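A single structure is presented below for examination.
For reference, chains read A, B, C and D in written order, and residue numbers begin at 1 within each chain.
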């Protein structure tokens, strides 16, 4: 039964990937670039959902984990001339290592303390780049994945290449994650989230389970970080500001932190917001200071509204409403 | 001039904790509410002081509706609740715990008078005024909890399991104090207890709750004499 | 030697400002059991209020109370229309533990974006009421000026006033009782909701003073993306945790420790490490003394 | 049930994604991107808000003022010049995103005076205007690397490089402060590295060197810089940073009663910005500064007079300062380049025009332009002066003594360049 389900999933991921492939050939470059950003956000948001929704831990500092991945990929590429594909694996591994350490700390901390520690990490870690010359200081490192292979044709643009790489990475990681969550580990996490004591009584090592959740989440975040720096070409402290951690958290809350299936909602929203803000600012003829700040305002406002009114995300809301209706029908 | 509870029903989520309960407590009377664990005694008491919300029914004290008010307002009508488990704040001193009870009272002179009255009832509290409450023994803490409730100059005292976790000798002492207070200060007391025998001994009348419903009620002596009550709650 | 003394002096002055921020965090934590990550944002907004008062009335001694009143009002507003609603709504469910944290972050974002769009994201400039030129000892100039003295004295006075309020007045008793046991407080006739709003207001006012002093103590300028703001953002929380989250004295000690650590790292180690230093201190404290330097038994561990 | 839902969700998301991607169809390619029969669009990224923005945020209005002046006089071959400026907050990643918008959404013909070394580098590596043939005119940075035609084939430098500036500054120091203990505050990136390379080339040694990370400049950190300079006993201190860092250093030094001889680099030496940041004009008095354009207070200069008139008419509440003048000068160069690119300018013809005749363009600077088919180097020299009691930079003795050099090992020489007269009405002819 279990096997059947995951192979079914695989087919869906293939179909979805094919649709994306077709789409990438039909739209203009700006959309393709945005598509690549959406794919990166999907991965990053999934890593937060994995942590917060499935294991009940909150990290305000995922930006720092993304940074670890991005920096290690860039250093591997620039210093050791490692092939690009391997760079992405290195990003996953090194962030996962960071995740183990953070997870070990997290297993001893709860709620607000963990939130504060990760917040301090998000603010402090990127500035480390200024300490070690190999990390390129404030202006950072170039992370260049190279031009698309010539076999794809003359017309094949750089951004389409980014889109292909990040979409493929997103599809693979989403498929892996949904399988992990369906496994024993996924069930253990959910058990630990809803009732830690009961889970411990049931023989689940919640401490180890938490560290594992942190590790996997960090690894996925590292991949997102490397992809993000690919799409912006550089890795620098300013690419991972606190605002990034907050936007990712907003994306996760918008998607609904208790389920992976809404992840597109958050990712599309995050990419769409600057676009919408631009339209609004132009429409009302806003000044530069408003134009610059409108996206941030919209992200934060959405975050608050979601936490207040749809705390479990639109997908879960929809499901529970349906479930309620079913119960009412039965009655 | 009495506590009137009629057809009171209280839910905890989907569970009905108190079901259609009615009884009356006359002024100056000490009523024991007894019953086994989970009978709804504590829920009943918490609802009377405004901590829980009722589903149906009514409860009035001297004509004041108790059901749609908040605890901080109900106490201003002379209803004082000592919640379960030595209701003191351990981080505060004995003196501060006592002053807490009178904090809403405007007249500071009267509060000072109340405090000296209470320290004369519980001399041990008087000796330990500047100690933190968590340095007190269990019995002393219970006295402090009652003392705090008395500081608000109540007319009716709602006591939730004052005997819980105390040594038998201390329990006896506490019960005696409650009885004395009722008589000397003219207080009305609703005493929720699992120690049914001890409670009924000092009470004027009693209400027996079973699974949220009133099983029997009547004068304390009649309840002690009731063979069913004896078998179920008094253990002989 | 003079460099060491100056580093010490800079650290103490900065630390006293962080203490105020930590006190604000502690006050909110005590009244609603929420870590208010928006506290620095509220301080920022209040500082802009102070700046407006400065522009129109040109007196620091009017601007400071204006900022405090503004901070108190903003905090009360947030508690009344927002936190109450939120805490009621998010009491249950999978993210009940994280919802308040996320919500205060959202608030921080809203406040930052709003202040940036209203005041343009450029530095506010507030000139202190007294000179910031350091005292001289012989040929050396101390990193300690009349302004820094004023800051230190004001912080000490405020901390004393607050502890007097908490220890000696009935309002203070209400605040403490509501923090330790809201139920007993309510049964004693305390309007706990109003007391919570009061706790938030005090925090807002305290944060406002921190913001105003952080502004004049720097180069007199402050903006949503300045280092000074980021320092307030992390230092308040970290100092509060170092101090045990529940204790005012702890918050003061935590603030001073943090101020000194940052100052010495900045001077003797590296200017790029001074943001990671607070994080390291925080981790060390959490691992060695999870209850904080002045901590009760309150568990912060699972 | 759950599986069913997930299936539906994936389908729905797929449809949504495709729909959102497909909204915009590929538009038909016009003659040249950003050039219509009535308009030519140019795009600029620079910090317009945030801590690095003071001073530089006046540039868009300055460029627009000059463009409007050109447009009011008939435009270039009947086409209006339009500037679209976007705020990158001095953050490279934002510069990349905003440049993408300019190119892909606003479809500008060329980028004009994008600001910042790190920002331009990031844009060059990922947006890659060079590969796409998009001209990047007159980048607002003195990083020597951007003159590398092989690496950045469509990019044109305009400011003298930081290496040149450091070399010329060294010459000035040898002439005036020989034997004094030197201190240096510099930005810890390519901007600063360029400066270090120049000082090294000139053989200047520093007693104290204080690097700062871009974005970390503030009163809090500046206290550390000043203490280090004081401890090292520096008598002459060079501030080779952005305006906000220069202002933080000067302000904090005043508080700590530290008053060495200051030498201000051209990037951060804008007096209006420093004064706006609260540094009293008195602190600037007698500091040494450098510029390649005439002093902004020199209203006898025909360019200063014209640019000031145009700017103040469009922005009556603002002050005419060095950032404004350099911005307007770049706008003036742009207008000439487009004029030279032919009746129907294309990206290619624009680049070719600057390479062919860029060195003959009229400009306000007192230094020659060095464009050719092999060189994308703009100006190559500076004059030095001192700040007046009111904080205005003025040449020593009222005479501009200009030195020129290169970014390599070439010597620093006194320039003999004579600026040609301004074309009529300051319009391209």
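The definition used in the following text is that a contact is a pair of C-beta atoms (placed from the backbone, for glycine too) under 8 Å apart; a residue touches a chain by one contact, two chains touch by 3 or more.
Fair warning: this is a prediction, and the values are worked out from it, not measured in the lab.
Chain centroids computed from C-alpha atoms place C closest to the centre of all protein C-alpha atoms shown.
The geometric centre of chain A is 55 Å away from that of chain B, both derived from CA atoms. Measuring from the averaged C-alpha position of chain A to that of chain D gives a distance of 36 Å. A separation of 32 Å divides the Cα centre of chain A from that of chain C. The distance from the centre of chain B to the centre of chain C, each centre being the mean of the chain's C-alpha atoms, comes to 43 Å.
Along chain C, residues 116, 120-121, 271-272 each make contact with two or more other chains. Touching two or more other chains at once are residues 49, 89, 213, 216 of chain D.
Not a single residue in chain B touches at least two other chains. Under the contact rule defined at the top, the touching pairs of chains are A-C, A-D, B-C, C-D.
On chain A, the positions that touch chain C within their shared complex are 52-53, 56, 58, 60, 105, 107-113, 115-117, 119-121, 123-125, 127-131, 193-194, 196, 206, 242-243, 246, 249-250, 253, 257-258, 289-290, 292-294, 296-297, 299-301, 303-304, 307-309, 311-312.
Interface residues of chain C, counted against chain D in their complex, comprise 3, 6-7, 10, 14, 116, 120-123, 125, 127, 132-134, 136, 141, 143, 145, 217-221, 223, 225-228, 231, 266-267, 271-272. Within the complex, the chain D residues that touch chain A are 3, 5-7, 9-10, 13-14, 16-18, 20-27, 48-49, 57, 87, 89, 91-93, 96-97, 100-101, 104-105, 117-118, 121-123, 125-128, 131, 187-190, 213-216. Here chain D touches chain C in the complex through residues 49-51, 53-54, 89, 212-213, 216-224, 227, 231, 247-248, 251-252, 254-258, 277-278, going by the rule given at the top. Only residues 170, 173-174, 176-177, 180-181, 183-192, 296 of chain C touch chain B when the two sit together in their complex.
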